[in-house]
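In what comes next, chain A is part of two complexes: it sits with chain B in the first one and with chain C in the second one.
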Partner chain A sequence: MVTTGKKVKTFIIDGKDVSGTEDQTVIEVCRENNIEIPTLCHLEGLAEVGACRLCLVEIKGSNKLLPACVTKVHEGMEVITASEGLKKYRIKILELFFSERNHICSVCVSNGICELQNLAQRLGMTHVHYPYLFPKFDVDASHERFVLDNNRCILCTRCVRVCDEIEGAHTWDIMGRGIESMVITDLNKPWGESESCTSCGKCVAVCPTGALVEKYKNAVDKSFMYKKDKLKFLPYLTTMREVKNEQS
Partner chain B sequence: MIIEELIEYAQKLHLREKTGKHEVKVCSAAGCLSLKSEAVADELRKKIAELGIEEEVSVKPVGCLGLCSKGPLVTIDSGNRVYQNVKPEDANLIIEKAKTDPQSETDKFFTRQQKIVLENSGQVDPEKIHDYILRDGYKALHDVLEMTPQEVIDEVTISGLRGRGGAGYPTGLKWNTVAKTGNIKKYVICNADEGDPGAFMDRSLLEGDPHRVLEGMAIAAYAVGADEGYVYCRAEYPLAIKRLKNAVKQAERAGVLGKNIFGTTFSFTVDLRIGAGAFVCGEETALIASIEGKRGQPRPRPPYPAEVGLWGSPTLINNVETYGNIAPILRNGGEWYAAIGTEKSKGTKVFALAGKIVNTGLIEIPMGISLREVIYDIGGGIPDGKKFKAVQTGGPSGGCIPEQFLDKPVDYESLSELGSIMGSGGMIIMDETSCMVDVAKYFLDFTKDESCGKCVPCRVGTVQLYNILDRITKGTGTMEDLDELDDLCDLVKNTSLCGLGQAAPNPVLSTIQYFRDEYIAHIVDKKCPAGVCKFHTHAETGKSEVII
Partner chain C sequence: MSKVSEDIALNTGSDTNSAKVKAATVWLDGCSGCHMSFLDMDERIVELLEKIDLLYSPLVDHKEFPDMVDVTLVEGAVSSHEDLEKIRKVRAHTKILVSLGDCAITANVPSMRNPFGVEAIMKHAYIDTAVTKDVIPNEVVPELFEYSRPVHNFVKVDLFLQGCPPPADAIHFLLTELLEGRMPDLTKVSRLGK
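Presenting the complex of A and B:
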């Protein structure tokens, strides 16, 4: 018997003819074709949430902007990833990120290796024109190896997802709503007292900013995680995903 | 079971109660209950017992009679005058009126309305299924089970009914999408998480006629091929929840819900889920997450719930009022329904009139009548001889419509052209004493608190918008702030994840569009034309100061 493989769709991104399988998202195909799409919440191997809104793209025929990380490819679609309007929106969204909490790069352990900072530089954000909100959050340094500083958190929920989906511990979650949302361990216990935490450090590894860091160590350049052809971060993260896909 | 058996069952239940020739109907919806309508009913019963005229007159608690601000309300039989502000002392008078010929209502509040969804509200006892059955209840469900699901969907499509939750998506199309997903597990959900400030349509319907909603859900389940349903009701509606629970129990006992409905192979069970006070859970994907026991946060669509919904199954989600329209449509035919209303907006719409208006209450009007008729004929105009300023529809997702557009018809397209939306049916009327900047600030205060915090534009953008509006109302705003408002509104509207964020700027945009002079008066003249915002002028510099 001949088994039929995945259906392949051909379509256009930024005027370029590309192809992808039916279960791929726009962002995956973009990455394959070296088309850069900025994102902060997306991380290969984790479930998509579509929360950071930086990967919004225009699709011809749709009057709405759609997040590239969750939009599945379909035959003949025309994607525009970097129109002038999109570029402006992205910078404003970044500015909102910066205005929300205390992102002061010069005193941050992740200075130089921060995804938020990198993105701001790459997209040409020159200043933050929204007033800073400067909320006050406590720093949780109760864990013997790691520190949580909610003041630097952008609520991308990568830590929540990696802990739940890969480690299986579900130590992290979100508490509160709106501007008062924050990541917590267990039922808002100090991290050091968490019963579910396995101290695996995956959350620290996936954090795009300086919100989760390792004590007594210089922050590690995590950018290798996202570069092609180099050692993939957490090899089993990819393996797990493949296993998951096979099962489903 | 056939329909005759069901009616027989209802009649048996009906006979068990001693009812008189005339029925004195006392409103027992939340509004009148809070005005002690219970005491009125008790006094009436006592007086009737004293006079020994049980066979002539009896008392019946019913759902909302509409004119909520003038409760407790009492009416006699059907189509009669509604007695307002009734006190227990009036019992004798009411009984006397009941025995003599009842008068019919002439007030425009009643005569300009057209009741389809609310036809039973104020007529049936919401806690008794037989009352509903004896008014053609569950007849539509019975008849539907003899049709094919596709015929049912076609009838709904012909009716032109559109979602009454606010967005106005064609109901028939939605049903068709769910039906087409094939022969797999599906769910039907009723969205009763009514959260707009000033809106109480869904609550009134659930409190006044819960069986109608259940019947609508059962018909929908048959049409799309689902066997399980949920009503997601907010916890702030304890009476609605109590009556719904009671209704589900009674319906199961009567055999119109549960296994093998009317003796056919069709089974449908309904369960209740109670919200925990989050406005965003009215958004369908957040609502589904909440039912699943997860944090009530929306997710990007597509895929729409019609394909991937509750626990990954195709799910039909409709609003309470949408389900309320289903039974009459199936009973009278889609053509009948399509004859009411305008070309693109069919049927009637229930509105909750609130704010600076004489007749605060629940109304149902045919689509296409003008806002002026709603406010002046039905609503009775503005109290205390004040001047009308704006009408707000659609709650925190809608906008304010000024006087020059009062002759526009009430339908989905016209309202969105005006920068507002139909919404779920809240209508707040504002007079000259309302400051429009303050109104915009009020709604942004609401959305910033209710934002779930998942996406940045809504989480931070609404706070920034609120802060700007706050500055303006305190006299420290600048003209640049006005441009910034425009710019930020555009960002939040176009980049937010769900409807809450996408619609959050509407109150700001519409007030800037129609009441820009008020914004400028605040910024340049440091004055609030309505006298709501208080400024303080510094004694020496003459500059305005912020009062904290």
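Presenting the complex of A and C:
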């Protein structure tokens, strides 16, 4: 924890006294204190959007649930991260993800290393209560090296953010509204015809599901990105380097 | 792990000399892989069959679903009226209904046709890719529903064992736990797509 010039706030998470600087979010302080909060859109090094809602927490005095990734800490706050109610809501959110698109784990290239699938098991999702929508999304395989399958996208926008903030290309964006939103390249051109894409592969490295994958390959196990000793700075860049080293 | 409530408790406990637990398995829109995984329990099946009577299953010869069974494992999604009639009958005559495998739980591979529509899929299967005669059948094979859907969309399901197929060990765990009178937490022994 770097405190230079920043005010320190002390507060309580799950009955434990913790402290953080005023510019930190609840999820950052949780991670520092080994308090686990599930999330699919948060990634260290990228801007926060609060898209997946899995990190919702209870804060005493607030009558709504707040996403830990975009909630700044303040003095004396009391945070609850894992009440029975929250556990139920998180499973419902996962079920909504599964029902909105066509997530067919058994035939997915990311089967076994998918963050959505792993969370479903870890949080104990037995089945999806909501009716599946079975929407029709096309697969874009026009890029020489990568494939986009919107059927498997959860709209976390990690790809959009990494492309804009780190690569500086801003190839990715979101088109449409609500349930019909989808990630697109350039102005909804086929990915292979994109003029802005540098083919760096960062979007593929940060995708939590099988929506963005590399052709002719099993998906890369990215779980090590979240292990403490690896989590220094921009973990997905480390991923890219390690993948490259493996290949050469 | 929670105790099975009394109304659905299996025939076990101190009264072990009473009749064996009655079990059945059914196969709807699936590939039979879950049944193959069931057989993959190998010699443990012999042990289980000392406590279980398998009264109805693609693996045994009975043609009619029995009056009442204690537990039924159902493989496959509900994709046609035939599936629906079958599962309704099974539900009415089963105490504990278990969705076995991803097709029963999520509609899995059978659901891959859903975004395309029945007409397109029938045309592709029976006309575009036909090698003998190009006719869409209207007899013998049941008419497809617009969507393949999970079993729990139609009848109440008591337990869900995920996997494509669920590992033999997980099926063994499920059955032995039920025999002990417990409703097991199955998310620990398998997952979607396993």
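The definition used in the following text is that the second predicted complex is superposed on the first by the 226 of 248 C-alpha atoms of A that agree within 3 Å, B and C clash if a C-alpha of one lies under 4 Å from a C-alpha of the other, contacts with A are read in each partner's own complex, and residues count from 1 in each chain.
The rule we apply is simple: a contact is a pair of C-beta atoms (placed from the backbone, for glycine too) under 8 Å apart; a residue touches a chain by one contact, two chains touch by 3 or more.
Everything numeric here is computed off the predicted structure, so don't read it as measured data.
Trainee: State whether A:49 touches chain B only (first), chain C only (second), both chains, or neither.
Mentor: A:49 contacts chain B only, not chain C.
Trainee: Which partner does A:92 contact after superposing on A: first (chain B), second (chain C), both, neither?
Mentor: first
Trainee: Once chain A of both complexes is superposed, is A:111 in touch with chain B (first), chain C (second), both, or neither?
Mentor: Touch status of A:111: second partner only.
Trainee: Which of the two partners, first being chain B and second being chain C, lies in contact with A:131: first, second, both, or neither?
Mentor: both
Trainee: Decide which partner touches more residues of chain A, taking chain B and chain C as the two options.
Mentor: Of the two chains, more chain A residues are contacted by B.
Trainee: Just chain B (first), just chain C (second), both, or neither: which does A:65 touch?
Mentor: first
Trainee: Would you check which partner chain A:177 touches, where first means chain B only, second means chain C only, and both and neither mean what they say?
Mentor: In the superposition, A:177 contacts chain B only.
Trainee: What part of chain A is shared between its chain B contacts and its chain C contacts?
Mentor: Residues 131 of chain A touch both chain B and chain C.
Trainee: For a test of understanding, state which residues of chain A touch chain B in their complex under the given definition.
Mentor: Residues 49-53, 56, 64-67, 70, 89, 92-93, 96-97, 99-100, 130-131, 133, 154-155, 173-174, 176-181.
Trainee: Taking the touch rule as given, give the residues of chain A at its contact with chain C in the complex, in rising order.
Mentor: Spelled out, the residues of chain A in touch with chain C are 98, 102, 104-108, 111-112, 117-118, 120-121, 124-128, 131-132, 134-137.
Trainee: Could you pull out which chain B residues touch chain A in their complex?
Mentor: Touch list, chain B to chain A: 278, 280, 295, 299-300, 448-457, 459-464, 467, 487-488, 491, 494-497.
Trainee: So in the complex, the part of chain C that touches chain A is made up of which residues?
Mentor: Going through chain C, the ones touching chain A are 99, 102, 105-109, 111-112, 114-116, 147, 149-150, 152-153, 157, 160, 162, 164, 185-187, 191-194.
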